[in-house]
Amino acid sequence: MNLQYTGEEIIPAERATVWKAITDPAWVGRCLPDVVDVTVHDPTHFDAVAQVGVGPVRGKFKFRFELMPGTAGDRLDMKISGGGFGSAIDLTAGADVIDAGGGTTRLKWSGQAIARGPVAAVGGRVLDAQAQKLISQTFANVRERLSTPA
Amino acid sequence: MSTGTTVKGSVGVAMKRKEDPRFIQGKGNYVDDLSFPGMLYMAIVRSPYPHAEIVNIDIAEAVKVPGVKAVITGKDLEAAGLGWLPTFHGYDKQMVLAIGKVLFQYQEVAAVFAESRGAAADGAEAVQVDYNPLPVVADPFTAKKDEVLLRNDREAKTNHIYHWEVGDKERTAQALEASDKVIKQRMWFPRCHPAPLEPCGCVAQFDTMGRLTFHVTSQAPHVYRTAITIVTGIPEDKIRVISPDLGGGFGNKVPVYPGYVCAIVGALKLGRPVKWIESRTENLTSTGFARDYHMDVEIGAKSDGTVTALKVSTTADHGAFDAAADPTKYPAGMFGIVTGSYTFPVAHAEVDAYFTNKAPGGIAYRCSFRVTEASYAIERGMDILADELGLDPVELRRKNFVKKEQFPYPSALGFTYDSGDYHHTLDVALEKIGYQALLKEQVEKRAKGELMGIGFSTFTEVVGAGPSKHFDILGIKMFDSAEIRIHPTGSGIVRAGTKSQGQGHETTWAQIVAEELGLDPQNIMVEEGDTDTAPYGLGTYASRSTPVAGAAIAMAARRIRERARKIAAHLMEVGEGDVEWKDYKFQVKGVPSKSVTMKEVAFAAYTNPGPNEPGLEATQYYDPPNMTFPHGAYIAVVDVDRETGEVKVRRFLAVDDCGTIINPMIVEGQVHGGLTEGFAIAFMQEIQYDKDGNNLNTNFTDYLVPTSLESPAWETANTVTPSPHHPIGAKGVGESPNVGSPAAFVNAVIDALSPLGVRHIDMPVTRDKVWRAIRDAEAKKDRP
Amino acid sequence: MKVSVKVNGVAHERDVEPRTLLAYFLREHCGLTGTHVGCDTSSCGCCVVVMDGDTAVKSCSMFAAQADGHEITTVEGLAQGGALHPLQQAFWDQHGLQCGYCTPGMLMTSYALLKHKPTPTEAEIREELAGNLCRCTGYNNIVKAVRQAAETLQGSPAQK
Amino acid sequence: MIPAAFDYIRAGSADDAFAQLQRLGGDARVLAGGQSLIPAMRFRLARPSVLVDINAIPELRTIRLDDQALALGAIARDSDVERASWITERKWRLLHDVSRVVADPVVRQLGTVVGSLCHNDPSGDWPAAALAARAVIVVRGKAGLRTVPIDQFLVDSFTTSVEEGEMAVAVRFPVPDDRTAGAYQKVERKVGDFATAAAAVQLSLNADGTVREAGIALSAAGPCAVRVAEAEAVLQGQKPTAELIRAAADAASKKSEPQADLRGSIDYKKNLAGVLVSRGLRQALAHLGVQS
């Protein structure tokens, strides 16, 4: 199954600050909802373990992340793959990082999730909600964390 | 001499089934019921990707799982020379466990052996596979472009598997050109799955001397034995295949599956019995599917309705491997039956088959090798033709039927139909359903805007593969066999190379023997499925059991009768020429009072055979001279709900002609079951893939099996036109209802919608599709 | 964990993993293989057994632990003293089975049905059996069989 | 297929069950009927580390009917409702209809009403019925028992307002007055399937035949069951005419936001939402002896 999502976040921070944060794997990893563990492999690759809990689908799931920052510093793409027990979930998400003036930055994001295997066949209806939550909550957390000075 | 008791005939009697007492008491013996000391369980790791390179398989975590004994992968098998297994018709092969890449979703990637079912599942979950996804080819039309090559293991660098054709292409084109009317329709017979309630499975075990006993859900145990030898090199005498009770098969249990090979390898490697029972998901996603034929049908006719030519061009989707179980020379099976019950002067049929990233197969699901597709195409086509010519579909059929006196009838596509009386069968059906009254009701309903439809299917099947000059599987000719032993006290055992999956062979085979020998069928034991005891046979599928093995049994019984005649002559102290078989006993010609029963002869065969060879046994191999051609006239009556698209099958009558009927109760039961499967295919069943190659119908929540509530109440009747070449005139019936009914259902729905101008809906005819067709038709009407 | 279940009147106490489904408990721990498994989604009903005398349950969607302390009747428990239960007799008489795989579940659902509705109509039988799939018979003869059994058990013809 | 391993706790009482859930938090799940949970566990989509089985707590199986409300305990089975003596009374018609089409007849022997509400499947039957019948859920939390109106209880797909460590112990349906009838209209591909679309309707009339209260809700029409307040408003205080029924149906169709899936396309399901609301209203009115 193939699911698509879009959204937007206005972040009260300069574009350069946002860019620096979202291209840092350790930082991005911590933006995942219900994340319990992040392992950074290199500047663009990390693994994250998240506690998933929607309806009947519950448990810890591991996701692999690849960050693909654009050279112009205005676009970040990422690939996320996860799965287990014969299933695979591939997410791609991308965000345009736009200077919105007045020290704010607009994150215009879109995401796509492709699920394969039993998880899609049996849990498809659950998965839609879950994938949407994962992607939208991640970007919301980006805003949240950049809004409140650490 | 004779005790004077009358022996009754056994064929034609609605005898209660001899196998039932064990099933109704929970004493059936299915593969999963078996348990052996030290037995391990196997679980299979499957690919979530339809097409992907295997980057790495990490089994380190899996082998640490408590209870896990071993994990094997494609590389291990390849190293042992067991990487591939041949498919049954012999011109493709299939990976046992994926080597290098996966070619369909749920393909077998690794096998895990463990002490319990749970541990095996835990182990399978712990196997880490890294995939690199590749572009997916999810339909044969994309495959045709050859932009993505799926099978790099093959010499031919194309996704095209084969082109097959039959008939006269040129003359057909000319005849179509010269026709007053030509109808054209693309019809898709969707991918469906036999889904027997018992999934496939096996237990493999080697004894201390290295001999393999392989219990397996197989419709063709002898072929399995030979195939195992071909794949593993274990000599055939060191293999015993036992197919115990089967919980349905319907074609699904004909092919040899990768899991079987893995179980054998595991048992050999670990020295312990290994059981593998697939889950429902594994059954639906990886074992033999059926159909997936895209058919372009063209029928030419004169304006009075006389058909002039038929052309069918088919694009077939076989999935990742051509794992069809068709006879070698017939890659598209018996598709040549597509001229149906009609006298086409000329015809041409062709099939082009392609590999896609879908599960492998193309098996005959309750059908004699692609006969269902062919019947659907012609029966739907005839309705479209009737509609376009403004003729009653009944009259159009009647006009073009092969006439009774034309048999044996050579069809335009090369079959010689053995016998039939199509007009009579249709008349019986029309009379029984009250066609005139239904037509009147339909006129009234239409006046009120209600949607009622009447649909016909007057099909001809071709079953009983088959004559050895044409038919083989893996090179083995498709004869069948029987061995009969009559015991001294007049009971006996018959063994055959067939394997019942619910058809009731334990009853009907006994009835044939009892009929031929004047014995009590209750005392004739039937044994099938054990290759150590049964004579070699090709198994039960394609409605071949009665036409082929049934004939072998009758012939073997007749052999026994001939031997018994000699003993009877000895007992009655007359010459053999003076003994005749009459009223189920031997009597001296012209002296009815002087007779001996078979029971008496049997005793004498072991106590007083005289100058004759003692004992009463015979083995018979039967090579059929021709196929048999059952036919039928089916009528469906439906009501369609405009608002929801719901189709209610109000009545369904099946009049079948399967030649001589051995057991009318069993024939009726076979028809009920086949109709219900046909109903499911017509309205709700499909193995659907999305464009990314994901299987969407992976269990019974989405691959729909109708319940008692959806299934219509069936009406049945029979006409009897015996097969002239079959020893007892029987033709086979198990598949007719599944072959004949889908077109009747769809024709009825289209008839209901025809006032709106709807011409065709592909199966499954879901509520959504019906509602959409109505809505679109009405929108078109509203437009000026 | 310890689970003790009375199956067909006989007490079975076994030490099993909590994840042991009742169907496998019966089949593999009690050796009663008449109860079958045909799916993983509680769709097919091959696994139906009767709990506490009149409740039909899908034993593949219940843990053995849940049956602890309860009484279970399986197809093996239908015949009494060598005599077939009227339902078994009726399924045989009416050709209500072919491959036999769904039969135990059908029998047990029917058994519970007749406890609750001793004289079901044909429509009621069709409704009540809708949790049990059969691929062979098309249900016509199964419905007939349940009617026959109802009549036998009532000793009088069932209402139409 | 075999679930992942877990620990099993059989709760001896409602207090015990609650204490266990409080202690275990998010790792534990309540095992009631298990008819959705156990299949999900077999596919290992659900893999709780502990199951707290509440099936051995007789007090939770009680069905109590008094002047105010019908209260179904946490393990009251679908079949308990289906076979209840009062279920044939006209005012309980909505519950009657629902109790006969949930899953299949055997699954209903173990499946529970409260469990179905807690599962909150977007295509489930009980959530829509509970909306139309204006049910409230009794939830036990740290602060004791609280009642949650169904509209607040159903939060999102498979999500309710029951927090970790809490437990829904009952659902209460207000007793409708005698001029009440309802209907549940469901289109399913076959018995045992989730709804392609379904409509729950409950109508209470005044003595003059005008609508005193209308409850109209849809299943399989969004992330979770949805009340069609617009349709309720259309009927409120009015004598139900063919025109008003059509308006209510149109409102339902408009409100329906289904997903396309194997059961049908979006426009087909939206169409069904309207058709089924219309049929449900007519049926309810017919029960009340009103021709529409």
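As written, the chain order gives the labels A, B, C and D, with residue 1 at the start of each chain.
Keep this in mind: a residue touches a chain if its C-beta (ideal position, glycine included) is under 8 Å from a C-beta of that chain, and two chains touch if they have at least 3 such contacts.
Nothing here was measured: the structure is a model prediction, and the numbers come from that model.
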When B-C and B-D are ranked by contacting C-beta pairs, first place goes to B-C
Whole-Å distance, C-alpha centre of chain B to that of chain C, is 29
Expressed in whole Å, how far the mean CA point of chain A lies from that of chain C is 49
When centres are defined as mean Cα positions, the distance from chain B to chain D in whole Å is 44
CA centroids of chain A and chain D: separation to the nearest Å works out as 34
Chain A touches at least 2 other chains through residues 84-85, 118, 122
Touching at least 2 other chains, the residues of chain B are 117-118, 125, 279, 281, 696, 699, 701-702, 705, 707, 709
Listed in rising order, chain C residues that touch 2 or more other chains are 17, 19, 40-41, 43, 127, 129-132
Chain-chain contacts, ordered by label, are A-B, A-D, B-C, B-D, C-D
In their shared complex, chain B is touched by residues of chain C numbered 17, 19, 24, 27-28, 32-41, 43-44, 46, 74-76, 78-79, 84, 88, 91-93, 95, 97-104, 107, 125-127, 129-143
Per the touch rule, the chain A residues reaching chain D in their complex are 51, 53-59, 84-85, 118-119, 122-126, 128-129
So, in the complex, the side of chain A touching chain B is made of residues 1-2, 83-88, 90, 114, 116-118, 120-122
Seen from chain B, its contact residues with chain A in the complex are 45-50, 105-106, 124-125, 131, 133, 281, 690, 692, 694-696, 698-699, 701-702
Interface with chain D, chain C side, in the complex: residues 1, 17-19, 21, 40-43, 45, 48, 55-58, 60-63, 65-66, 68-69, 109, 112, 116, 127-132
